[in-house]
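Both complexes shown next keep chain A, but they swap its partner, so chain B is in the first and chain C is in the second.
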Partner chain A sequence: MRWITKKRLKSTAKAYLFLAPFLVLFIGMVVYPIGLGVKLSTYGQRGARMWYVGAENYTRIFSDSMFWQSFRIPLFLLLIQVPLMLFLATILAFLYETRRRDGAVFRFLYYLPYTIPGIVSGLVWSYIFSDSMSPLRPVLDLLGRSDVKLLTRDNVPPILLVIILWQFTGYTAFLVYSSLIAIPREYSEAAQLDGASFWQIAFRIKLPLLRDPLITMFIFNAIGAMQVFNEPWMLGGLVVLPLNYTPAMYIYNSAFSQGRFTYAAAMGIILAGLTCLFSLYILRTASKQMLGRRLE
Partner chain B sequence: MKLGRRFRITVTVVLVLLAVYFIFPFYWLTIGITKNVGQLFQKSLLPGIPSHLRENVSRVFAYQDGVFFHWMGNSLLYAGVGAFMGVFIASLAGYAFRRYDFIGRRLLFVLILAFAMVPGFATTLPLFMMFRDLNLLDTRLAILLPSFVNVFGTYMMVAYWNQVSDEVFDAAEIDGANDFTIYWRIGLPNIFPGAITLFLLAFVGAWNNFFLPLVLLNSRAKMPLILGITTITDPQGFPVYNLTLTASFFTILPLLIMFISLQRYFKPQVYMR
Partner chain C sequence: MRVKRFFVLLLAVLVLSVPALAADYYPAYNGPETTITMWAWTSNENYSIEEFQKAYPNIKVIWEDFGVHYEKAQTALAAGSGLPDVLMVEYSFAPEYMDLGAFQPINQWLDVDTFVELYGEEALGWCSLDGVIYGTPQDSGAIALFYRQDLFDRYGIEVPETWEDFAVQARKFKEVAPELLFNGPPVGYALWWVGMVWQAGAKMFDYHDGDWYINFTNPTAQQVFEFWGELFDEGIIEPVMWWNADWYNSLNEGTTATVLNGAWFAEWLRYNAPDSEGQWRVMAPPNNDPSNPHNGMLGGSGFYVTAHSKNPEAAAIFVNWLNSHPDSLRCLNQYSNLPVMVSTRYAEILDELAVEDSFFGGQVIVETLWDAHNRINTTFVGLPIWSNLDSSLSLLIQDYVDGKISRFADILPMWEQDVINTMKEFGYTNVIIGELPE
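Let's look at the complex of A and B:
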């Protein structure tokens, strides 16, 4: 326990002078809106009329099958896309390592999709898969499968898989690679002397050392999967998707197509809560690392 | 590590094949903007012959009395001003964390960290209600104000400031410089590379932010590119594929140029600590 001294009060005053612009905006644009969201979520609403209902929105959400169905896409991404991408990215990072010098062009090219906004990726890929423009169409015709439709609602999940893998695999591989080159060479050299093969060294020696960054990436991608909006939104321009195709789409549509703002606010709070649950792990490690250095 | 010739060749083949997947949409977009709708429907993988590039570009520029240029200007405004203010304000906050042992320091840091994880769209809906009450809906300020708070940037700024050594500040203090001078003259140059990285990340983030303007804006003249391009239709309301593609091309072109020319500032650092 540190005493509150005159000196400490003075530095507190100075500190808050520097913090003031941030604090004002942080409270006005982040903390207050979240508080407002929590408050709204306890209100019933019809048109412009609102009244307090307590936890009624939440109990209704828990029995709203539309809400729970909207998690099918995030779950699909979480169970298929994220593990697949982390696996591919790790393999790629191992391959990058065999090409430290002349592999830069591949690392760059694979990374490039990450710079493209989700809306444009969704747009271009939805055109590439659309039955009127797809270059895959002539291939299907050649195979005598002209009857197969490409952009149907059932095909949207695999198409999302293609899009999201395209966007993030190169970026993730680059992150894994950055962690990989930080591993001291002695580790693999020792194993090599013992006659271990490339893949043995990769999976037995290096992979365990990548545990922490991989867990962190898994969490970040899990959060991304839960919030997916832009890509299905753009695909929805060419194929009819239900209002509750993803949780974020359901929240948006509840608020702006159906005018159920307070109900949507409650769903937003639930989704934010789930996100925070996922990020607890990152939060703990990050605060451990950052505080305690300097001044403390 | 010594590797066999066959292994190396296999690796090269795999890398080249994957490169096709990663480049293909760029290629398809680039040939796509040379085609009119008829040519797009031919599904060829070659550029349109004859090329309709100039026609597409001039039609995008002329669309709705040049609303495209409003979108471009808005994107530059939202991304440029938003990113600059966000990073500047974050640097001030980071400086406070580095220099002062103030009351509430630990609590505030944990709060920043916690709120850095809250998804943007959880605040978007309440922001909509808030701005509606303030009569700020469908104004440029409604897009700018939220971007002035860069919570993630503040978190990173604390890390950048932590890397500046004590001697730098001590020397300035002995010379009798006041706190703001120390921040401005002595401190800022030390964190400048980090600030540029944060600026670029915030710029790209704001340039690509679709959800916030989707919720808060109605007037097409106030939309950023990323939202504007999704509203391109013919007078009957049907999509015009070639124009949407051409406009998309111009939406990502600045990003690609920025990324390629400033590559070294885009070092990913989120996960590496």
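Let's look at the complex of A and C:
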């Protein structure tokens, strides 16, 4: 008996040894900072002076309209960009599937924007929409609309939409595609024999089977929408955007340009909490529906 | 050339013949050998440091350049450790750091009288609070009018001496060259607008004896906003976003005829609008009464001894030497490309540095800008919430640009209200509204 426990102990130790590189970084870079953030958020601070205030920062956040207004852009992205992108990515994935063998070039090309850091693409896009150097200028001139200003504050949300779609659609399509090729061929072959068209098979047969990966991607992108920062930050050089244009920008500006670190920490915790709740809600509704379907 | 060398020699003799005086400015360092660190984004500061280490072999200076480092500095400040001994901060942001306790007093090594002698009385507003000195001023942000001689010639525009004339020329320019812009004040950039009020001989806020004063809507400030507002409202000129590729492009291509900016902008122009070489000229800004000219500043930075410094004596000696000793000022001009330093001792080497500048069509801009600097005859302390001051104005002017505010001058009282609210939000109870100290 004893040697079994010993052996088990040994293998457990081995497992932890292999886990160690991850665990050390995870604890050091994720768990510890969150703990520190929670602690910081219970302090008041001005410069180097800190004093305990309990939940005061949190109660202040609930009446801080600047914080809640900052969710307008994430909501816009959540309601428009994320569904639109998942839709486009799915269509793209269906098309990829028709060219499994020789479509690699397209998959690669559409994937490329994702490999460019957000700050860099933000910079390039800000040139594309800039007033004097935009490549769209000659087009506007041709149309006799030289007076149109491309980058106004009201145009920033649609511009964000374009940038983010450009950046992530190809990547998402690739993920959808990889789930798609895991679906057994028999299903679509059977449907085909019954006389279903390509799009009928795509939407009636394959789409329901893609449900789980799509929900996962919806959650990931929703989290991305809540935390959007790079793109509006870069556009901020060309058009004035408020300090609280998105929650992440408001948190960043509060901490680093106004020096209100503890307040920013509290906002960070709230944002993380909201994101977590939102993800749980989506997961629960989704799994409930799935359970319901199975029970039928 | 020979004449210049003669002057250099004469100057050297003069400097050497008054060692007693020099010793007063720069106390000896008797402490143990030490190393201090400095964060600064001025380019090529190492030349001045080398000179300093010749004079003070026991003090070693390590210079680190993180670009504009406010975020890093704010983090170190909140953390309670990690600031260098010497921190470069723009004059506008310095009061915030003083108020937050980021700096420590250096009066012990640089008393008020010496400070005034070396940097002028006005500089007290940028480096001290209530007589407590925290650092020394480096470059001047004296406002100057940069203008395109080629465009002025082509369209028959005259160099404006008064603001009234500036408006006349702007209107004329709009008529003859409607596709170009006579002047594009910044969307936001509070420094610029505060600077224009300062240039008109007034201020919008100040600090005195433990109280912050706010009065944006005083007659002079209102007059300044009305002046620009009228030109905007009539569509003669328009506010534009500064510091982005579009803006540099317009300066480079010659679609903007004039820029009002700090003296240091001469260098920015040189590097960001290289194709416009030879076309620009610079002059002291227009005044309402040219016989009694004023000027204000737009930018410029000081070097402050931080609260985290373990050797404030060495740091204090260094910041004073760096920003006032002619050996250092010479390097700052020649290698760091700063056209005008605040120190009164800059006058000692002015003749040597006043050379023709081909970018400005052979104009001796150092002289012009030094003259513009010497017109600064008032001072005040900035508010300790500068980034909010800035973003609030940016949003209001953007609202105006977007057509949400119809009369530009209406921005001033809205801005004031915003700033008062922020001061309250940030916990300042010592705010006096509607008046300013003398």
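Here is the rule we use: the second predicted complex is superposed on the first by the 248 of 296 C-alpha atoms of A that agree within 3 Å, B and C clash if a C-alpha of one lies under 4 Å from a C-alpha of the other, contacts with A are read in each partner's own complex, and residues count from 1 in each chain.
Here, a residue touches a chain if its C-beta (ideal position, glycine included) is under 8 Å from a C-beta of that chain, and two chains touch if they have at least 3 such contacts.
Note that the structure is predicted; figures quoted are calculated from it, not measured.
Asker: Looking at the overlay, what does A:A48 touch: chain B (first), chain C (second), both, or neither?
Answerer: second
Asker: Between chain B (first) and chain C (second), which does A:R137 come into contact with in this model arrangement: first, second, both, or neither?
Answerer: So A:R137 only meets chain B here.
Asker: Give the label of whichever partner, chain B or chain C, reaches more residues of chain A.
Answerer: The partner that reaches more residues of chain A in the superposed model: B.
Asker: Quick check on the superposed pair: does A:F261 touch chain B, chain C, both, or neither? Answer first, second, both or neither.
Answerer: Touch status of A:F261: both partners.
Asker: In the superposed arrangement, which partner chain does A:R153 touch: chain B (first), chain C (second), both, or neither?
Answerer: Only chain C; A:R153 stays clear of chain B.
Asker: Touching A:G237, do we find chain B (first), chain C (second), both, or neither?
Answerer: Both partners.
Asker: Is A:Y127 in contact with chain B, with chain C, with both, or with neither (first, second, both, neither)?
Answerer: After superposing on A, A:Y127 lies in contact with both chain B and chain C.
Asker: Would you check which partner chain A:R72 touches, where first means chain B only, second means chain C only, and both and neither mean what they say?
Answerer: After superposing on A, A:R72 lies clear of both chain B and chain C.
Asker: For chain A, what residues appear in both contact lists, the one with chain B and the one with chain C?
Answerer: Residues 127, 132-133, 237, 255-256, 261 of chain A touch both chain B and chain C.
Asker: What residues of chain A sit close enough to touch chain C in their complex?
Answerer: Of all residues in chain A, those touching chain C are 45-49, 126-127, 130-133, 152-154, 237-240, 242-243, 253, 255-259, 261.
Asker: Flag every residue of chain B that touches chain A in the complex, lowest number first.
Answerer: 1, 3, 7-8, 11, 14-15, 18-19, 21-26, 28-29, 32, 40-41, 43-45, 89-90, 92-93, 95-106, 108-110, 112-115, 117-119, 121-123, 125-130, 145-146, 148-149, 151, 154-155, 158-159, 162, 179, 183, 204, 207-208, 210-211, 214-215, 226, 229-230, 239, 241, 244-245, 248, 251-252, 255-256, 259, 263, 268, 270-273
Asker: For a test of understanding, state which residues of chain C touch chain A in their complex under the given definition.
Answerer: 70-71, 74-75, 77-80, 96, 99-102, 187-188, 241, 243-246, 249-250, 253, 255, 307, 385, 387-388, 391, 394-395, 397-398, 402, 426-427
Asker: Touching chain B in the complex: which residues of chain A?
Answerer: 2, 4, 8-9, 11-12, 14-16, 18-19, 21-23, 25-26, 28-34, 36-37, 40, 92, 95, 98-99, 103, 106, 108-110, 112-113, 115-121, 123-125, 127-128, 132-135, 137-138, 166, 170-171, 174-175, 178-179, 188, 192, 198, 201, 213, 216-217, 220, 223, 227, 229-230, 233-234, 237, 248, 251-252, 255-256, 261, 264-265, 268-269, 271-272, 275-276, 279, 282-283, 286-287, 289-291, 293-295
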